[in-house]
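To start, the structure under review is shown below, and the notes come after it.
Letters A, B, C and D name the chains as they come in the text, with residue numbers starting at 1 for each one.
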Amino acid sequence: MIKVGIIGATGYAGVELVRIITNHPQAELTAVCSVSFVGQPISEVYPSLNGICDLKCVTAEEVIEQSDVVFAGVQAGISQEFAKQCYEKGVKFIDLGADFRLEDEEDYKQWYGGEYIDKKLHEEAIYALPELFREQIKGKSIIGNPGCYPTSVALGLAPALRAGLVKTDDNIIIDSKSGVTGAGRKLTDTSHYPACNEAFSPYKIACHRHTPEIEQTLSKVANTKITVTFVPHLLPLNRGIISTMYVKAKDGVSLEQIRSEYEKAYKDEQFVRVLADGKTANLRDVKCSNYCDISLHFDSRTSTLIVVSTIDNMVKGAAGQAIQNMNIIFGLPENTGLNMVPTAF
Amino acid sequence: MIKVGIIGATGYAGVELVRIITNHPQAELTAVCSVSFVGQPISEVYPSLNGICDLKCVTAEEVIEQSDVVFAGVQAGISQEFAKQCYEKGVKFIDLGADFRLEDEEDYKQWYGGEYIDKKLHEEAIYALPELFREQIKGKSIIGNPGCYPTSVALGLAPALRAGLVKTDDNIIIDSKSGVTGAGRKLTDTSHYPACNEAFSPYKIACHRHTPEIEQTLSKVANTKITVTFVPHLLPLNRGIISTMYVKAKDGVSLEQIRSEYEKAYKDEQFVRVLADGKTANLRDVKCSNYCDISLHFDSRTSTLIVVSTIDNMVKGAAGQAIQNMNIIFGLPENTGLNMVPTAF
Amino acid sequence: MIKVGIIGATGYAGVELVRIITNHPQAELTAVCSVSFVGQPISEVYPSLNGICDLKCVTAEEVIEQSDVVFAGVQAGISQEFAKQCYEKGVKFIDLGADFRLEDEEDYKQWYGGEYIDKKLHEEAIYALPELFREQIKGKSIIGNPGCYPTSVALGLAPALRAGLVKTDDNIIIDSKSGVTGAGRKLTDTSHYPACNEAFSPYKIACHRHTPEIEQTLSKVANTKITVTFVPHLLPLNRGIISTMYVKAKDGVSLEQIRSEYEKAYKDEQFVRVLADGKTANLRDVKCSNYCDISLHFDSRTSTLIVVSTIDNMVKGAAGQAIQNMNIIFGLPENTGLNMVPTAF
Amino acid sequence: MIKVGIIGATGYAGVELVRIITNHPQAELTAVCSVSFVGQPISEVYPSLNGICDLKCVTAEEVIEQSDVVFAGVQAGISQEFAKQCYEKGVKFIDLGADFRLEDEEDYKQWYGGEYIDKKLHEEAIYALPELFREQIKGKSIIGNPGCYPTSVALGLAPALRAGLVKTDDNIIIDSKSGVTGAGRKLTDTSHYPACNEAFSPYKIACHRHTPEIEQTLSKVANTKITVTFVPHLLPLNRGIISTMYVKAKDGVSLEQIRSEYEKAYKDEQFVRVLADGKTANLRDVKCSNYCDISLHFDSRTSTLIVVSTIDNMVKGAAGQAIQNMNIIFGLPENTGLNMVPTAF
C-alpha cells in the first residue's frame, strides 16, 4: 500500500483527495496537515467524513515523515518548500498549486510574484497532464498538477492545434465558467451565498493567473507561440468547469476532419469522452468523476470551431488528476481508484 | 388611464407584465387571455397575484375589445393574426414574440419557418429598442419588442460599432448566458429542476433564432453587414441574461476612447448604466429592474475589446421594455411605471 | 417629504430599506451610515444602486442630524444608544434589531446578554406588529420592529389563539425555514456558498433568540402564558421565511371554524392573505413584497391544526414592516410605498 | 457475479442503481428496461453514463430472463406483476416502489387504490429496512425496499420508541424536507425549474402515502399503535431528505439516556452515524452515500425530544438500500459496493 499524506487537507481539493483515496485499493491515507486545524480531526471540519476518516491534523513535517507520496493543496510559493523537503527525503511530491506548472520562471514571477527557490526542483518536476504528456511523467518525483481551467482548455483544444487544423493567430477566445468551489474554502464577499446565488458575472477578465499555463500547453502542442483571450466566470453551483472555446478553422477544414482528429487523439483515453455529433457537453454529466467531456461544433457562417469542454473542477481539475498522476509515477494502472461514475444529478 | 390587455398572460412575460402594469400610474389592466386557462383567474396560475389581480382569463377577442393597447406573448406566427385584428380596430399592438422583429421576410422564413400574412402590418411595425431607435417608434401602432438576447447584445455593442472603433469582419463572438425563465413556462426535459440545477451547458450553438435579429441591429448601427458567432447557455438561476462579447479593436484604439463613446451614447439614458473602469457587470445587479448594465474591458495582449452586458431577461428583455415602448407610443415619460430598483439579492 | 436616515445601511435590511424608500412617494432618503464603509457611496457596496442611490456613508450622528426618522439595522445593544440620541432630538426611531422587542428586561438579559440603558426609552417604545397592535403604535416615537421569524409565527397563530380554538399547553411546535439573507451580510462558514448550496439543516435548535419574542406575542394574544418549541432551519435560497406550525385543536373544533376566525381577523388587512381551502402557502409567492400568506390545514387523525405562514424575511420580516410602521407613526396610509407585487419567480 | 436487471432503469432511482452496480465487485448489470426508451441506450437518456453503461433498453421480460435479481422502480400496482413473473422463474425481486411495503392490504387499498394480486407473493415478501429487520430479510425472495421518507423517519425514531423513552400518544410531529429528485423524472408544474428554484413549501400535508408505512414501522418497534402527523416539504436542491421530528419525552427521561439508547442501537451499523452532542445533522454530509446521520436535541422547556435524521433520498432512500438488501439476500457482506464517501459539497 502506498502511504499517502496531504498538506492542506482541509481545503476543498484536500477533502476531495481524502474522499478518493479512501476507496483507492492500493493507497492508504496516513497523515493530514492543516495549519488552521492542527490537533483537530478532519471530520470535525468536514462532518461528511465522520467515521470514515477521523485523522487528526498534524504538522507538515509529520505528514512528510509518514508518507511515500505527499499531495499539497496550499497557496503558491509555499509548495516549493515542501517539495524540497520531500525531494531530500525521497518522498514523491504532487503539487495541486501553481509552483511547478510554469516552465519559464519569468512567467511565474510575473503572474504569481514569487521566485523559484531551487532550480533543481524544477528540473525534477513535470507539468503533468497525463493525456498529453504521459510518457514524460513516468519516473518523475515532483508533479505539477494542472490547474482546473487549463485542464479543461488543453484537453479541449489540443487535438485541433496539434493537427494544425485551426488558425493560431490572436483569435482564440476561451470563455470559461466555474462552480464556486473553485474559489476555495476561504470566506470572501464574492463567495458569500447571497452574493453568488442567483448571480453570475465574469471576473479577472483577461488577467487570470491560469492564462500563462494555458498558453504554455497550447504552444507546446501547436508547436508555435499561442496567445489566448481567457475570461473566467463564476457559476452559481458547487462543482464543475465548462469552457466554451472559439477558434477559426483553417480554410477548407471541415468539422468531420476535426472530429476525426479528436477521436483518434482520445480513442484510448478512458477519461476523455468525445461526444457524438449533435450532442453538447454539460458539466452535470461529469460531476464527481474524473471524466472530461468534449463536444465539437462548427459555425460555418464564420468558419468558427466551437469546442465545449467540461470537467469536475475538484476531480479531473484537481484531486482526481493528482491521483491519476500518482498512479502513473507508482506504476499502477492509471484508472486505479478513479472509476467513479458521474452522479447524473 | 390606458386600458391594457394581455394575450398570453400566463406565460412568464405575461405575468411580469401584470406585475409592472399593476403599479403603472397611467395604465390599468382590463383583460387577460390564456388559451390554457380560459375561465380561470390568473391568480389561480400565479398565486403571487392573489388579491392583486384576480382577473379571469378570457378569449383574445374579448381582450382586444376592451383594450387601448394589447401585449402579446405567444409563439411566433400567431401574433400576426392578433396584430391584424388590433390594427383594424385601432388598438395598439405590442408583440413580445418574433413576428415583427425581422425586416427581411426571408430571414423570418428561414429561422421561423412561417410567412408574413400581411405586408401592410409590417409597414406599420417597428423594431423597437428605444435606446437605439427611439424616434422611429413614436407614432407607430405595431411594436416588435426586441428579444432578450438581442437586447443585451445590441445595447452592449452598438456604441463601439457605430463609432467605428472595432473591426467588423467575422470576428464577433457572443457568448451569452440566460436564466431558466428564458425557456418559458412550458415543461421540457431541459427545464426540469434536477436536469438544470447544478448543471450548465450551451444550447442551439451557432443556430439560435435570435442570430438574425442580432445581426440586423448590429448591421444597422455599424452601417455594414455584420455576421456574428452567437452561443447561448442555460444558467441555473431564474432571471437574467449576461452576454460576454469579444470584438477586435481597430489598430491604435484604446479602451479610454471606447469608454468615452459608450458614456456619450448613454449619458441621457436612464436604463443603461455604463460601469466605471475596473467594475464588472453582474446580472444580480439588474434583477427585477429595467436596467442594462454594461462593463468594458480590454485584452491588450490580443487587442480584444470585451463587453459584458446584462439585463433582467423578463424586464428589459421582455415586459419592461414592452412597457417602455407603450410609454413612448402613448406619449408618456419613458420611465413611467418602470422605476423598479434592482433587488440587490 | 419625510426625511429618512438609515444607520447600518449596508446590511441586507439596510439596502432593502433603500430600495423601498426610493419609490416611497412621501419619504426621501437623506443620509446613510455604515461603520465599515464611511466615506464610500452605498452603490460601491451594492452596485444594484448605481445611479439610483449614490449617497456616501456618513456617521450615525450626521444621519440623526439630517433625519425626521431614523431606521437602525445594527446589532443588539447598540441600537439603544442611537434611540436615546434620536429621542432627545425629537427624531423618530425605528429599530430593526432586538433592543425594543422584549418587554421584560429579564428576557433581554437572558437571551441577548445586555441591559436596558434607559427605562424611559422602553416606556416610549412599542413592539410594532401592525396587524396585531396597530392602535398602540400610533403616536409612538420608538418602534421595536418585529423579528422575521416572530412575524411569520405571530401572524400565523394569532387568530387561532385569540379565539381560543387551540390548546395552549406545551404542544406548539414551530418548524421554521429561512433563506440565507436572514444570516446577514457578515461572512461565516455557514453562509459560504459551497457550504449552504445543496445543503439543509436546522440550527440553534430550541435555543434561538427569537423564542422569547414569539412567546411574548403569542401569550399576549392568547391571554395566557405560552411556551413553544421553535426550530429554525437554513434554506438554500436568498429570500423568504416559511413557518410550519403544529397546534392541537380543542375538542370538537373544526377547520371551518378556524378558517372563519382567520378570515375575520385579516379581512381588512391588505398584507395578510388567508389562502383558500386546498391551497398551500409557498414563500415564492410573497417574494420581494410585504405580504404574509397563510394556509390552514387539519390532520383529523391527530386533531392537529397545521398553519403554514410565509413572508419575505427582508420585506415583511424587516424593511417593509419597518416602513409600514413609519407610515403609521407619520399618519400616512399604511400601504404607502409598499404596493410591491411579488415577483412570481 | 450476480446478474442484475433493472426495470424502470431510466427513472432517477434506476440510474442511481446503474451508478452503484457499475462499481459493485460481485454484481454485473445485464439488462435494463424502460418503457419510454425501448431500443435506446440508457446513456442516451443519461449522458453521464456514456462509455460506462451503454446498454440498450429492452422489455421487462428480457430483463427477467437474463437476471439473478431484478430491481424495479415503477409505479405502484405494476410491480406486483413483475414480482410474480420473477417469483415463478426463481429470480429474486427487489421492489423500490410501494407494492410490498404495507402488510395490511387495507392500508394499501386506502392509500394506493389498488389490490394485492396474489397473497402468496406477500407471504414471500419482507419490508426490508436492514438496520431494523435484518434477520427477517435473509432468505427472502421478494423485497419491499422502504420509501425515502420512511427510512429517514424509522431510523431516526426507532431507538427512542423501542426503549420506551418517549410518549406514544398523538404527539409525534414529523416535519420532513426532500430534494426535487424525490419527485421523479416525470415533468410536472411543481418540478419545473423556475417554479421550485428560490421556492419552498409543504405538500400533501398530513395526507402523504408514506404515512401508513411510517406508522407500520414505528408501531412495530414501539410495540403499540402509533399515529403521526407527517408533513413533507419540497427543498430547492437535487438530493437528500431531512426529517425534523418532535416527540415528547416521558417524565424524567434525559437526553443522555436517550443518546445512550441510540448509540447502543447503532454501534455496529456502518451506515448509521449518531452525531456527537452539540452537532446537527445536515443533508449535505450524506450526499451520494448510503449513510444516515442522526442528531439528538432536547427542548427542556417543553420536554420535547427533537431528532434530526438525514439521508440521500436516492441512495439510502432508494438504490443504495436496495443494493444493501441484495447483498443480504445473496449472503454478501452488507456494505459490498456501498462504501461511497459522501461528497462533502
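Note that contacts are C-beta pairs under 8 Å (C-beta built on N, C-alpha and C of every residue); 3 or more make two chains touch, one makes a residue touch a chain.
What you see is a predicted model, and the numbers here were worked out from it, not measured in a lab.
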item	value
Pair of chains joined by more contacts [C-beta pairs], A-B or A-D	A-B
Chain whose average C-alpha position is farthest from subunit B's own	D
Cα-centroid distance, subunit A relative to subunit C, in whole angstrom	46
Centre-of-Cα separation between subunit D and subunit A, whole angstrom	36
Chain centre separation in whole Å, for subunit B relative to subunit A (CA means)	39
Shared interface positions of subunit C, touching two or more other chains	12, 181, 194, 197-198, 236-239, 282, 284, 287, 345
Residue ranges of subunit B in contact with subunit C within the complex	12, 15-16, 18-19, 22-23, 46-52, 181, 198, 238-239, 273, 275, 279, 282, 284-289, 293, 339-345
Subunit C contact footprint on subunit A (complex, rising order)	12, 180-181, 185, 187-189, 191-194, 196-198, 236-238
Complex interface listing, subunit A residues touching subunit B	170-171, 173, 175, 177, 194-195, 197-203, 205-206, 227-229, 231, 233, 235-240, 242, 244, 246, 280-284, 287, 297-299, 301-304, 306, 308, 310, 345
